[in-house]
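So that you can tell them apart, the chains are marked A, B and C in the order they are listed, and the count of residues begins at 1 in each.
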């Protein structure tokens, strides 16, 4: 017993001594700056997005790196058991924060993950730039958000930027499309209870009601729902002639499209960028109901300047699913981050800059020329580009002429670009 | 009647009154929900039977059973891949595929479950109670891992080969009934009837009942315990495999960890009917299916899990012998 | 004989504690020196949470022999108790007011709330026997995360509570890591003022400094080991053992079995609540996904693998399982990928049709590997790595009985 107690006192003393003295450990090898990415790599969408970052870094290093430094890229995966996980994202960010050579990250992919990561990265002034987060509450202090963006940053300067526009444009764009183009005036709205799903469904509902439509809203959770038929029947009985799905396919939001047909109810099915995926087309089954989605940016295939980059990318990444809806956005985000790092190196007189210097330079980005357009970041970290594209699933003869997002089981059923709405010019 | 029992009955009575109110005010919707609940319940019953039989005979909560169910759907889908049929019309080849896939899946799953019993449970039959429980959880992870490795995290599409579409559905008084709903209930009923005949009429069935009652006495009477337990696992997996296949054909989308939640719900059904009690599990399955459907519609689907596990706890605390109040092995 | 063995056992445990302590002390400096990154230290902090959980569950399962399959529920209760009162979450709840109470208070509140939940659940259910208790706790373990999914106005639902306050100290501490560029220290920072989320005041916050949290968890584990060790040797510890061995005989000896079991259940739950509050603070995020059935199972496996009833064994078990789950399995894909490159099998690494690439495929294997580990472990060493003395003898006894039974069966056949 006595020995045991002695051991404890010794330990505490040692811990204390360790906590209060000693010399510095850790060195920085000159010549390399690390950046990371955080995507759900287990999904085709996450993998394709990570490819965009990889391509940007490889291209930059081949061209001599950033201001004399080589960029070392690490792609982190925030999947747990096949779907994105905020916990895994937080662990990845903590890993990056623990290594002083990491100066910034591209990602995350899912808004729920961003909401968890920002409060951890902000106090360390760690730059995050997302190619795919669309939830407006992450940056904008608007009505309907459960929290203020400054709370997420815990009193620190903004460290979070994104190159895509937000769901308060995506939702309304689809509401206009459904109400005016598809003539759906009563709709059932389904959301998957996630940050993203609730946000985009809410934005859709507000606009749809403003247009004069009637809505029925229902929510579900992936973990407990495999049968949507009672929800769909409720919509049908309420007189709905369409369904809007706020959510992502990895939360099973596309399976209701199949069950609609099972209860003999074939009406248009629409959603945000979360349903613009290969899985979604497969889960919905054959293309016999009108399925549409939006995407929070200009379609890269519609921008003349992007064609050369896409061709170069296709030459480097040859797989069918290597290119996705957010690959070019990720490419842009990585380039914007590397440009900021380059300017920060200059600020640091040619040596490795601090994270704060990178963050400050990122915030000062103006007139950045990317493949998806030329843009700035406002004080919230949002892009000045406010374009929403609209796609529908169609049976095509040549899938490479579409967005490239086609079914695996139905390889000729692909998302095809329909229209785009530009909110920056009031369009 | 003790006060806790009284409270339990009051809660049950309130639930029934609430449902009766719904049934009178919106009879169409109520009947519709009941039909969906019945179809789900039939599938839960098939899985619950496996839980209850295994628990009855070796007092093990077989956590891997839900994954045996999912595995059945995965293997069935692989077999269906050998056929080429049109999903949009029902032809002879669909019928042939159906007639082939069910027996094959059931036998394969039966064999797999015997293997699981041989590897993971039999060596631990005299070990502390916790040991087989942990191997059961381990086997559950192994099965899920195999399915994850096979098809990854995304949902797997099961061919829609049952008759469906305008010719195979009808609306009676505003209530939608598809061929699929009828198919599920009828197939499950046939399987349960066959099981009942087997248990009550055959020698092996008698041996199983005897072993469940008293393993040592059964052994003294010359019953081969190992063979009887293996048979129990085999039959449990036949039903679970068939259940998985039916689930796949009904919903057309399956995923690797589907069995976890389905298994827990089915297990609740087994407890509801009085664990170890075979007719109880079948009735419990149907009841849980109905309760889940009513909860989905009248309370909200996100509360269904809470309702089901609340029932689980309530039944164990207030009526440990199950709702039907039948014999339960007390250990 | 017995005395000798007892001494040997105590020596063995003392040696394990000694080795663990030296490792724990040397770990941070070694990691910083070797990798220049504190990522491993932050992992070690999370591992420490599981060590605490395993020590707590060991009281319930190992000492008192009660099977608890919903242990993560109490972990969740502790974590949510801290997260709700130490973040801005309640601003958006119907209360419209957040509290930002200090960590040092809330960690004990979390502990008591979890213990209270344990008593409330345990009181009606502990009279049930054997597996029924396991099933009830399983149901409870499913309901608690589901409630936090379902009440988003309070708990943030599936979107979790983020931005949880870090612990802060009245003074600042600097250390050997202060020289490194971005590795944090307990340093001047801004913290939300007590009871307000809009006002910030200077403070000395842990931030997300992995080393500060590491030191904290090591101190907490040492405290827990001393506490539980003393409990084990106390009158209550002997009563637990008596109940575990034979409940009827224990009752006949005058032990109040319900109270004794309830105490084990509540003490186990309180450890879980304590660990939960720490976990919320160190992770900065509390989401229902962190408290699913898998967590309960993992902690149970840690206890069983380490050796039920043996505190030193359980600590080792927790560290081994955590290391396998969070270090070996996640690193498998990149290891395999570079192996394939070394052997010129680069083509395997590329995604091609249904083949998702070797790394992705290896990542998918990890679940399977974990399952196999569980099965093999139980088949090969059901008593755990360092079993407690009593348990080991029981198992030996059981094995002898089994042999006798086999001989009898052979004669009969």
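Observations on the model:
The criterion applied here is as follows: a contact is a pair of C-beta atoms (placed from the backbone, for glycine too) under 8 Å apart; a residue touches a chain by one contact, two chains touch by 3 or more.
Only a predicted model underlies this, so the values are computations on that prediction, with no experimental measurement involved.
Centroid distances built from C-alpha atoms place A farthest away from chain B.
Chain centres defined as mean CA positions place C nearest to the mean of all protein CA atoms. Note on chain placement: the centre of chain A and the centre of chain B lie 39 Å apart, centres being C-alpha means.
Measuring from the averaged C-alpha position of chain B to that of chain C gives a distance of 33 Å. Looking at chain B, one finds that residues 148, 152, 302, 305 touch two or more other chains. Shown for chain A are the residues in touch with two or more other chains, namely 42, 81, 193, 221, 223-224. For chain C, residues touching at least two other chains, in rising order: 146, 149, 367.
In the complex of the two chains, the chain A residues touching chain B come out as 42-43, 79, 81-83, 193, 219-221, 223-227, 229-231, 233-234, 237, 250, 252, 255, 258-259, 262-264, 279, 282-283, 285-286, 409. If you check the complex, the residues on chain C that touch chain B are 61, 67, 124-125, 128-132, 134-136, 138-140, 142-143, 146-147, 149-150, 293, 297, 300-301, 304, 308, 356, 361, 364-375, 377-379, 382, 395, 398, 401-402, 405. Residues 29, 32-33, 36, 40, 87-88, 148, 152-155, 157, 160, 164, 166, 169, 176, 178, 180, 251-253, 256-258, 261, 293, 296-297, 301-302, 304-305 of chain B are the ones that touch chain A when the two sit in their complex. Chain contact summary for the complex, chain A toward chain C: residues 3-4, 7-8, 11-12, 14-15, 18-28, 41-42, 47, 77, 80-81, 85-87, 90, 94-95, 97-101, 112, 115-116, 118-120, 123-124, 146-147, 151-152, 154-155, 193-195, 198, 221, 223-224, 319-322, 354-355. Contact residues of chain B toward chain C in the complex are 4, 59, 61, 119-120, 123-124, 126-135, 137-146, 148-149, 152, 260, 264, 267-268, 271, 302-303, 305-306, 309-310, 312-313, 316-317, 320, 330-331.
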